[in-house]
Structure formats: C-alpha cells, structure tokens
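Chains: A, B, C, D and E, in written order; residue numbering restarts at 1 for each.
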Amino acid sequence: MSKGRSMAPVVKRKKLAEVEWKVIEDFCKGCGFCIEFCPVDALEESEKLNAKGVHPPKLKSEDACIGCGLCERICPDFAVHLETKESGGERE
Amino acid sequence: MESSVRIGVYICHCGGNISDTVNVEKVREAISKLEGVKTVETVDYLCSTQGQGKIKSGIKEYGINRVVVASCSPQLHLATFRRAVSEAGLNPYLLEMANIREHCSWVHDNIEEATAKAIDIIRGAVNRVKYLEELHPIKTKVKREVLVIGSGITGIQSALEMADKGYQVHLVERDPCIGGHMAQLSETFPTLDCSYCILAPRMVSVSQHPKIKIYTMAEPVALKGVPGDYVVTLSVKPRFVDVDKCTGCDDCTDVCPVEVPDEFNMGLTWRKAIYIPFPQGVPRAYALDLDNCLGLEPIACGKCMEVCEPKAINYDMQPEEIELNVGAIIVATGYDQISPNDFGEYSYGMHPDIVTNLQFERIMHFGFHKPSDGKIPRKVAFILCVGSRALQERAKEYCCKIGCMVAIKQAILLKKAVPNVEPWIFYQDVRADGKGYEEFYARAREQGTRFVRGLAAKVLPANDGLIVKAEDTIAGTPVEERFDMVVLSMGITPRPDTEEVSKILGLHTGPDNFFIEKHYKLNPVDSTKEGIFVCGCALGPKDIRESVEEGMAAASRAATFIGLGELATSPEVPIIDRAKCDLCGECIAICPTAAITITKSTITVTPVACITCGACVPACPREAIDQRNVTEKQLIAQIQGASAGETKEPKIIAFIERKTAYASLDLAGTRRLGYVANIRPITVPSCMRIGIKHLINAFAYGADGVVFVEGDDSPFAGEKLLKHVGSLKKELREYEVSPLRLQSMTTTIPQYDKTVKLFETVSARVARLGKITPEERGKIKEKLET
Amino acid sequence: MTVLQEFEKHPLAKYLRLERFPHIWCEGCGDGIILNCFVKALDDLGINMDKLVVVSGIGCIGRIAGYIKCDSFHTTHGRPIALATGIKLANPKLTIAVISGDGDLFAIGGNHFIHAARRNVDMTVICSNNFNYGMTGGQFGPTTPLDSYTTTTPYGNIEHPFNLVHLAAAAGAVYVARWTALHVKRLTESIKKALQKKGFKFIEVISPCPEIYGRRNKLGKAIDTMKRYRQICEIRHGYDPAKAEITIEKIIVGEFIDIEKPTYGELLQKQFLTIQKR
Amino acid sequence: MRVEIRIGGFGGQGIIRTGLILATASCVYGDKNAIQTASYGPESRGGRCRSEVIISDEDIDFPKVEHPDILVAMSKEAYLQYVDDLKENGILIVDPDLVPNKRENLKVRMYEVPATKIAEGLGKKIVANVVMIGAFAAITNLFGLEHLKESIRHNVPKAFIKLNLTAFEKGYEYGKSLLKS
Amino acid sequence: MTMHREVLTGKHLMQGDIACAEGAIAAGCKFFAGYPITPATEITERMARRMIEVDGMFVQMEDELASMAAIIGASWAGAKAMTATSGPGFSLMQENIGLAVMTETPCVVVNIMRGAPSTGLPTEGAQQDVMQCKWGSHGDYEIIALAPASVQEMFDLTIECFNFAETYRAPTFLLADGFTGHLWERVVIPSREEIKTVERKKPIVPADKYVPFKPDEDLVPPMACFGEGYRVHVTGLTHDELGYPKTTDPKIQHELVNRLCEKIRKNSDKIIRTYKFMLEDADVAVIAYGIPSRSSLNAVKRAREAGIKAGLLRLITVWPFPEKQVEELSNHVKAIVVPEMNCGQVVREVERVAKETPVHFSSKIGGEPHSPSEIFEVIRRAAKA
C-alpha cells in the first residue's frame, strides 16, 4: 500500500509517562550504553567531568526523553533513572 | 540403417503455396531415389482429411513405418500429422516434418533454387527418419496444491475458486491483513455497492475455508523445482503478535508512543507502531511495525507487551522461511498508484485539500470533510489522467482505465451527500466502455456534474481555496475557477517489486513493466512459464469486475494444469551411458535447469526439469550422452543429407533453435521476406546441441558455412553461446576450416528481419572465402574418420 | 543533595545496600546490568525481600550478593550452589537465587552445578559469563573460546569451551535460558519467570568484560561488544541447546528449556507424607 | 567377672547377628555390661567373619577380646585360626560337620553341636546360628533364657521369630543333652 | 512401625555411629548433609532413615565439599546442621570449615577417623586427624573438638558438640576413631527433659538496629538467620561488623581474626571436659583420648596392681587443648605417658605444656588399638626412669 504524502513523512513520539530523566553524575563510569541505545536519540555526553573523570550523559533537550526507561535498565551503574514528576501522574 | 525401415514421403502442394515456387514433381523424383524410401506422394492439401488419408493408407498399404511430411511449419501442423500417423497405428515420433513452405517456397522466387533447397531439406529429413525410434511422453505426478501470491480481490477470488474445486490453497500476503486496495474503497461503480460490504464476506470465506491457508507478512523469495512440482520458499516477517491469541482489544495501540501516517487511510490519519491496518482486517490481529517501533534489540519501550492481557505480543518472533510444495502458482500481486509528488503543477503536498482519488475514497468514508478544516466542500474539481496517457518520463503512456469512472462515481456520491455541491470533472475524453458505465456517466451529467474537456494545467493554492487553471478545448476558452478541493486521478503503476518477483519466479515483464501473459489474446492469464498464472492488475490496470474475472480464469487454468494429477513431458531427454560416464560433471555445469544431478555416485536426469536443450551432449568429453529424438545418428544423418546437394552460391547450414528462432524464421516466411536461397535450416533444440563433430560433418559433406540462430529467450543467449561458438571456432582451425565460416546470432520472434539480414551477411562473408574445394573436403572427411 | 540522597530516589533504591555504591565493577561491565535487571525483576514481582536469599561465589560477580538488600551469602570459590542447597532444604519457604560467574559455577563448582540440576533443587542460578576469570586478572576458564588470549593462554586457548545451556539442560535443569547484557528487558522477564518457577532454573548472561578479556582479545570497548551482541544474537526459543554453541558469528539466545519436573523438596514432601501415614 | 566370647565362621552364617543377640541379651535385657565388635573381609558372603562379645558385671574398659573364654567355631578356618587364642580350660563349641579333623590334646572343654544339620532339619539352614545360641546358652549358663529369647525377638525379622525360637529351643535341648552325657 | 521420636529414651545396644546420629537428633539437629565414607557411613545411613521421621532434612550431596557448604547454608537458614565423614572427606571439608569459622556458622562435623594418609586404611580406626581438625583449614582460628571413647559418649558428646556450636557460633567437631564408631555397646538415653540442649543466641533489637557481626561481651554476636527479616550479608572475606567486605583495612582483619580465636579461648573453661582417674597421688600420668584411653584405664589399673602409682587424664575435649589441666598435672607427676593411634599429634601439645616433665609416647597405627599390656609396659618404663 503506498503511503500518502500530504502528511509530512514524520513519526510522532509521545511521552510514555510524566517522568523526569535523572542522572547521578558521580556514579557514571562512562560506558555510553544509555546514549547509544536510547531509541529516540535523546542523550549526549555532557561537557563536564565527574569525580571519575568521565563525561556523564545529559539530555539533548528538555522534551527529548519520552520516558521508555531503557537507559535506566541498561545502565550498569545505576547512574541513570526516571523520576516521577511531582505534578504528574503515576509512573507507568 | 535398419533394413526394415520403410519410408513414406508426402509432399504438399499447399494449393500452390509450395508448388508455385517449388517444382514438386522434380522433388518427388529426386527423393524417390533415396535409400529406404518406399513411396513418395504429392498431395494438394496434405493437412486436409484426404491428405491425411493418403498417409494413413500408405502406412497400411505399403507397410510404411517412417513418415516424412514435406509441407509447412511443424509449429502449425506437427500435432495434426502426429495424430494422423498414430491413428494409423504408427508411433507419432516416427514422423518428421520438412518445412518447405515458410522456410522455402515463401521466401524464394527462383524455382530452381527453391526446388534444390526443398530437395536438400527433405533429404535431410529422410536421412534422419531412418534412425527415428518409437518414443512416449514421460509422465510425472503433479502436486495438487496451489500458491496464490497476493490477496487483493483477484487473489481472494482465485484462492476461493481453487479451494472450492478442492485444491489446497496457500494464500500469501505481504501486508498484515488480506484485502488489498478494494478494502480502501468507499463504493464501487457503477452499482454503488459498498466496496467493503461486498469484499468482507469473501475475506471471511477465505479465512474460514478449510482448504485455504493464509500467510500474512510473507513473500516468496525463491522458487525451485519444476512445473507441477514447485518448491517455493516464503520469507515470513515476524508479526510480533500471535494471531491466535490476539483478541483485537486495542490496549496495545493505546499505550504505543509512536504515531506514523496511516497507509490504509492514505496518510490522512495516524496509526501507532503496533496496529491493525483496518478495523475489520483479516486476520483480525495487530502487527508491530518494526521500522517505526522504538526498537526490539534491545527492547526499548515494551509497553504494548506489558498491557497485552492475552499475552499475544511476542518480541522474540524471528523471520521464518517456509517451504511450500505446490503444483501451480497464481500471481495476483496487484498495482500501485503513481506518486502525485512528481506533478508539481498540481501543487500536491502544498495544500491539504489537494488529494489523490484514493485519498478521496477515504475522505468519503469519513464523511466528506476537507482535510484542512473539516468543513464540507462546496466546489470540488476532479482532474483526470494525472500521470496517465502522457508521453512524459514521469507519466505512463497507458490509460489507467478506472480514473474516469472513479471520478464520476466520486462526483455522484459527493452530490448525493452534499446536494448543493458543484463537482467539476476535467477530462481528456471520458472512457465509459463497461456494462452500465455510459449510463452512469449520463447520470452524473444529469445530476449536474460539470464536465470540462481539457486537462487542468495548474492547481494553485489561494487564500480562500484552490485555483484550477485549464483550457476548455470544446469552447476554446481558458478556465480559471476557485475550488474547495481538488481530487487528482492518479495513474496506475506496477508494484515496485514486480521486476524482483518476476526474477524469483522466472517470469517476464513487458515494456509497461507489468507481467506479460503467454499470449495476449489466447493465453491471457498464463505466464511465460509453465504452471505459473498471472491475473488482475499484476498484468495491467483493471476494474474490480475484470480483476475478479481474471482471478477466476487463472484458477481455472491452474486447475486444468494440476487437475489430472500428472503431467506429460517430452521424452527428448538426455540418455547417459553409465559405462562411459566418469562423473566429471561437465554436463551438470552446462545444464541450465539443474536437471542432471550426481547422487551416490550415479548420474541422474530429472525429465520434468529438463528443457531438452541438448547442451549436455556435446559438452560431454567422453561422448557418454545422447539425446532422445535428437540422437547423434539422427542429427549427423540429417546434416549430411541437407549438405549434399549442389548450390550455386556457397552452401550455408543454419542450425535453428526450435522455439523462438524457428518462429522468427517462420514469421519471415509468413511475411514473404525473401532471402538468399543457399541457406539450409536444420531445427535443433538449441544451438548448444551442436558440437564440432556436427560442424565437421557439415563441412565434409557439402556445407561452406554454418550459422547458429538462437532465440533471445534461450538460457544460453549471450555469454554462454558466445563461449561455445568461440571454442568451436578454435577447434575448426584444427580441421583447417576458417573460423569465419561459423557465425552465430540471437534473435527474437519480431526481429525476423534481423535474422534474415544475418543470412545475407553470412552468405556474403562465406562467399568471400569461397567454396570449400573437393580436395579440402576430402581432407576434412579423412580427419573426421580418424 | 548528596550522591546518596540522589541515589535514594532511584526507583530500585529500596532493594540495594545504598551505602555500598558505587559498586566495584569496571566501566561497561555486564555485572552491573545483571544486578540492575535482577533487582528490577524483584521489583516487578513484588518479592518479599525478607524471604529472598542471594548466594554468590567468588569473582567479580560474586560481589553481587553484597549489593542486594536481602539475606545474602558470598561463599567460597565454587560452592554457592552447594551452600544454597543447604539453605533451601533447611528452609523451603525461602526463595533462592545463586548469581555467580562462569569460572565459579562451571570450573571449580562444576560438580555442584550438575548435581543440583540433577537433584532439581528449587533455585535460580544466574551465570554471568564473561569468558574469563576477570577478578584474578584474566585467566582462561571453562567458557573461554578456542584461540582466545588470556594471561594463562598467552599463545591462544587450546581448550574447548563448555556450552553452558547444553550442560544445564543435560544435567536436568527445568528452565534454561541465555541472554546477553544487551537484552535487558528480556533478561528481566526471564529472571521473573525463573523466580516464579519451581525447580532448578538456569540463566546464562553473556556479559562484556572490556577491561580484562576484551582488551586482551581486542574486542574494543564494552559498547562495541554490546553492539556486536545486537548484530550476532539470534533469538530462538525452544532451540536445541546442544546446537547453541557460542561462536564469533552467532550467539543463539532465548529460552531453551522450560519443563515441569518435581523438585527435590516436593519429592521429599511426598515421601514424608507416605512415611507419616505408615 | 569379665567373659570374653569369640564367634568365628564365614559370611552369611549370621555370625555378627549371633554376637549382637548375645550382647543385647546381657546388656539390654539382662543387667550386665556388654560390648560387641566384629571384623569381616570385604566380601559380602562367604568371607572370613568374626564377632566378639565381652560380658561383664563391671564397666568394660578395654573393649577388645584378647584371649577368649569361649570360642564358637562354625568353620574350619575359624577353628584353625582362633583355637590357640582360647584360654586354658576355655569352652570350645564347634559345628562338627563344618570343622572336621580337630586337633587332639587341647586343654579345652570341647562341645560338638551339629547346628547346621539341626537347622536343616527345621527347614532353614540360615537359623544354624540360633541353634548354636541355644546350645551355647545350655553349655555356658551365662544368660537368662528369657533375656536371650527377648533378644532373639528383637534381633530377627518379625516373620521369622517363631522359627528362630524353635531353633533356639532345639539348640538348647541339644546343649543340655551334651551336658548330660 | 510406630513413629520414632526425637529422643529414643531407654536402654539400647547401639553402634557408635548410630549413637552419634541419635545424639544429633536428640540435640535438635534438623539438617544433615553427607557423603558416604567408611567408617562414618552408618551415620549417614541412620540419618537418611531418621531425619524424615523427625521432620528434619537429609541430603546426600555430591561430595564432602558440598556437604560442608550445605550445612553452612542450612545453619544460616536456621537449622541445627551436621555432617559426618572420615579423613579423606574431612580434607575436602577444610575449605568450607574455614568459611564456617569466618562466618561464625554453628555446625557440627563428625569425623570418624580411619587410617591415613590418603585413602589409607578405610575399615580400620585411627586418630590421625587431630591436627588436621585444628589446623586443616587455612589461616588462624580456634575450633572445638570432642573425643568420645564409648558408644554412650558418641551419643552424649554429639549433643555437647551441638550445644557448643550453637553457643559459640563455631564449627564443632566430634573426633571419634573408627573403632569407637563401629563398637556396639549399651547406650542409655535419658528422657527428653533430661537432655540439655542449647539454642543459638538471637538478636533482640529490630532489624534496622541490628549489626550482624557485632559481638556481645562473650565475644559472640547474636545470630539472625535468613528469612527472619534482618537481611544479613555474609561473606567469607574479612568483613566489618556490618558483614561487608573490608579487605583493605589491616585493623579490621586483626580485630576480626583475634575475636574469632578469643571467643573460644576465653570460654575454654566452659568448653573443656576431662576425666580423671587415680591422679591424686600419681607419679605417672597417662594422658589419652578416644579408644586408647580405655586401654589406658585398664593399664593404669594393672599398674596400680603392680604397685606403680599411675593415673589417667582422659581428654574429652581435645580442642581447645586443656592446657591448664595438663600443666597442673605436669607439675606434680614424674612422667607422662601419651598413647595415640597415630605417629604423635596430641603428644606435641602435651610436651609443649608439660615443659620439664618427661613425656613418653606410645604410638599405635594399623587399626588395632593399644592393648592394655602395651601401655602398661610404657607406664612401667616411665615409672622407672
């Protein structure tokens, strides 16, 4: 079936949950898993160096994260997690 | 030659078609003198009942046990005469035809030359029949199962027909659900039935039919085996949803965070990365669109699986390959619309209210709202032939066949839904050639649809709508009107992977890139390959009724093909002398269909796979292979016979591949295209059947040149034949024969003029080399005998 | 906010001995992911942490027991399964998970592994397979691939490695699965399944060891190994474990075995009831 | 008073069981102390087999038999091997069918009890040891008869208690008859 | 068959091994893991039969390494746990005996000693593992080992072993020789009420206040078991009071190892049991344990009959070594005789403690215990010297 085109060829990705992306910078050992495997490419290395001398990840932009939680799971160091927003609803 | 051989030769006048140019009586005299010939008769029309009666009585009266019919092309009458001799109790393979009409009388003017040629041709045939053997077709079992590729209305119809006839059907669909384009349509012309309402019951029948197995998200990737016994490899993409467990509850789509334009609604709405193409889809199960899903390696989101209560979602599904063993294949892969993006003058994509006709089908389904603001349009322009009937690179030359009627239908429906609407149709000419179509067209006019003859030149988005600029070619005045919506009737194009499918299945496509049928008129749903049938829009644009007809026709043809449960194949297969064979594998290397195999240190030929090309015979370094009905003895005898007679010009033996090349030469005859008379055609299964031994025999017994004519569709056309000819030329040098005396070409049926031109060229070239002197021939003969 | 305060907000914080973090494992080590997934599985299942015992052996992954906030035992080399057998049999109400390495479970502890599997003692055994002895500096072990370089195979390994899933299946495990550190959600689900199932369950987790094994065998950084997993892993549930040997070109992952078989404890209970009746 | 008893034979004759019956009779059912030790070869059946019992009114310190007061020999091998260890004037009980060609001039009190034959007469050769216990009881008078019977009941399979008690009686009668003669 | 009880009160003729098993059951043993080995097999067999009857758990493991590991696990799961073996198996257990010491796991290991080294003399008794028992595992530690000399003691001292193990949270050994293990003798089993059993000390603070390896005044920390909600971490590594590995702090290692030794040493008065016979006026003291002590008793009696003032000190507790008792004795006897069924193990301890007092050693190996006359001869020689 051919795709119609009047719609721009975009993919919309909605936030899965009202969550805030958090990093415990000093826990990060710099493996880069979260950046590599983020499905929406929301993360990048930050400029700063942490206590272990690596660049912990940061969000590319405020609303880049859709809250899928893969980074939280794949981080071997418990450095990255999602936090339920105070105002928002339940996580998951 | 066996002394028991008693040859009867029957020469046809063909009511002057032959006898006007060939001195039949002289021929009769010459042939009568040949060894083993018991009777030579000339008949006015040999193909007539009386003519056939002559042959039959000859068999009975004179004990004739080999028959030569010198008449027209065997492509016309071989079956006729075979039937005749077999009615007289003679094995049909003991008959040989000498074509002295298409290959002789029709292409030459000089009676003397034509007569000499006819004698040579018949002498060759007489020599050959001395060695003919009784043969019987080889029978093979066929699988009484059929594969239907594509599950639009055509494929559905084919599948149902086959299944109802009792055959097991495997229905393959690339999308997650069956139904095809018809499921997208609102109502159908000219009856205004609800498209989905008439399609749905058939979809349900297919899904519930005990003889139909549906494979969605699957496509064929390889074809092995032989007609009647095909093995098709299907590649099945993972759906990631267990069809049996899915209840269609929609929980998964609710949580899916990804939205992409909905293909089924032509991008007018959004769907999720896990979706069902349309709510009543069959099978009624969701599918995960891996291209848009956040990812499974590793699983990034996983929400749909979390919420799926029946645990139907399984991210670990893997692509599968399934092998199906079927007797026949029906290809019903359908069509696509061409892309509106190539037609900038219509500003598609610049304004949401410029839509394609297929999009408009969906808009009608949703209630005639404009995509831009959801309001009901008051004035709608339908522009026909966008990308059809135009000699532009971006467009198709052919007519889309349904655009007129679709636009008329849409205008009628629009008018019905929005009584005060103004539909305008911009057309070149309205083609309403189906049953009830003209009436339908009239109805639209009566209801107030404006028909403007003249294609729109431009569509421009304006502040308060869309401006269409056109020229009314009847009034001869320019038109510039404001519309609320513009509907573009898009041209139709083959599916983009048609070429790929044709390669996989071994089919052919035409200049329009649709599949081609075996015969445009007489075999409209047979493909170019045995046991494979094509139907519906895979062959070209069609409306629903025609598609259904073809679906039924293809089913009927497939049923005929596999219905008897067995196939008779030609006995002209290679025979291997196992005492001589050292299993070197040369024959296997040259065989184009892998019909020869070595298993457990014996070599075997699979008759049904064999295309009887004979290439393996000269390829065998140990001369361990011979071919039935084209045996070495038969072939050499024929070559010697055809080479024998004297000619003024140097004599050329032309080995004609028996299908395409032969038909091409026949066509030259039919068109009375005269050419040099020193050509002596000998029919061969393929030019690869001819080895050095045959060439040398020709040169030793009277030929001065040899030409190979191979059909362009032969598996050897190109590289392989050139290589073969190259090595033959090298070998010719060893016999001190100039390699320039051997030429080859490939041709197609319509290129008969090219074929004939080659004869002229070769003839001239050989003439420059001169005839081979009797001394030289003596030497060649000596070498041949040692 | 202190690091500890930040850490307390981690959704899995309540399952961890926070004061012991950051853990000792190297950058990109799969052991951290195994811990993460294991703890996530506990969270998902709502497991009673007072009734869970994690037993580990010696080696890098051996430290895992000390990071989880439950009763935990970091035992001697190779003995976690034997020790866990004692715990489980003495208190059948406890849920037992043994998490250890390839060397610990299959070299020095190989005998305990096969016998516990045979006996079908109710426990979940998770093996972090990083193909070498990481903590002692990278010696070869029972899973080291042929030709690999380690400090004790300086000219390449000439020992054929174990195919752990085949071994487990042959020894009688009722659940046998293999994943890599990349398959985080699948691994989590697999752990959940194993923890809920009765009998001897085995999950092999192929895990990057970038600093020790990876460096010596020029496998690049952990992320390269993880990307390679993405390329070469093939999920095949129900695949014959005998044919699931790990090669450079392919790692078959998935659930190989999932059967029901009475556990040692259940058979004993049955016997107990028979004896009681006599 | 400490009495040391040695019973010798081959595996399968119930030699060890004999020792245990005697020890049980004296220390569980009687009020003496008793110790039983045994030694046997690695074979399950037919190998050399020895059971030793020490009976004492006092605590038994050294638990091994050095010079038995009583020797029961139920095989030729046992006879030859142990007869010299027997104390002067000690009691020697032999099964004459299994121990032919006995040495002369021994300073012992010898009794011949054809226990195996008597047992065969009862239909079960296996109870030869209990026949011997019966004769032993009659000859030595070391045990209360009831204690021995209790001990037999305790030490043999339930189904064979009756048979064993009959064997005991037969042996006892035979022992008594030997004393009379 | 009527259901057996935990305590088979009454008079029995029992084999040493069986009495040991019955002692364990009477002491409250609910977990036995073992691997068959002569001459301890009868214990394993008895346990296989009996544990199920008393709602206990028996498991025959794949080897002795596993058996030892299993009882440690079982003990942490709250069960009184025991294993039984002989020399070769005992060697295999050494690794995890160290773990039991380090993790302060109460458990009982029975070693029915046989001739050694290696597979040695399987069916014959010996006393060759006394030093292995003390020093067999790597490192410095203290354990408790009792040596029975009669079937009654096989019963009684097994109970005692459990009581010590539970009191001091240390692996405790019943070191019997194969002769005693296979001896049949009368055992009098008292009523359940008369049998004194000890249960391990449990924490009295809530989980969040509990420090798993913080000792009380007796140097023994209260023990919370798995599943009781205290969420204890146990490691064989040097650990702090929380139980967490601390391998880079020398002070922690020093304190931990010293406490593990001291909790036994400081309580040795409560642990050490001896039996004294005619020692008040003795010139020659025989110090013996296990089956040789019975030959010795007979020899001492004979010596007294022969006019030699001999006496016997029987060591019921072999480890910790009764230094005080031996030292006192050495101060007032002229000579000491030590018979052992080995080439000299406890005699070294005696010599170490006795200092100036001459010690005469009588070695007997090959399976047979010393005969009284052999020991008498040594006493006679010692008295003359």
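Here, a contact is a pair of C-beta atoms (placed from the backbone, for glycine too) under 8 Å apart; a residue touches a chain by one contact, two chains touch by 3 or more.
Remember, predicted model here, so these are calculated numbers, not experimental data.
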Checklist entry - If you walk touching chains, what's the least steps from chain B to chain E? => result 2
Checklist entry - Which chains does chain B share as contact partners with chain C? => result A
Item to check | Selected pair, greater C-beta contact count between A-C and D-E | outcome: A-C
Next on the checklist: Comparing chain centres built from Cα atoms against the global Cα centre, which chain wins on proximity?
Outcome noted: C
Item to check | Chain centre separation (chain B, chain D; CA means) in Å | outcome: 106
Item to check | Whole-Å gap between the CA centroids of chain D and chain E | outcome: 37
Checklist entry - How big is the gap, in whole Å, between where the Cα atoms of chain A centre and where those of chain C centre? => result 28
Checklist entry - Hey, how far is the Cα centre of chain A from the one of chain B, in Å? => result 54
Checklist outcome for this item: Shared-interface residues of chain A (touching two or more other chains) are 37, 70, 74
Checklist entry - Residue numbers in chain B touching 2 or more other chains? => result 298-299, 302
Checklist outcome for this item: By the touch definition above, chain C meets two or more other chains at residues 182, 184-185
Checklist outcome for this item: Touching pairs here come out as A-B, A-C, B-C, C-E, D-E
Item to check | Of all residues in chain C, those that touch chain E in their complex | outcome: 17, 20, 49-51, 53, 55, 63, 65-66, 69-77, 79, 82-91, 93-94, 111-112, 115, 264, 268, 271-272, 275-276, 278
Item to check | Touch list for chain D against partner chain E, complex | outcome: 19-20, 23-24, 27-28, 33-38, 42, 60-64, 66
Checklist entry - Contact residues on chain C for chain B in the complex? => result 182-186, 230, 233-237, 254
Item to check | Residues on chain A engaged by chain B in the complex (per definition of touch) | outcome: 1-7, 9, 11-16, 37-40, 66, 68, 70, 74
Item to check | Residues of chain E that touch chain C when the two form their complex | outcome: 1, 3, 30-31, 33, 52-53, 55, 57, 59, 61-63, 65-67, 69-79, 81, 95-96, 98-99, 103, 226-237, 244-245
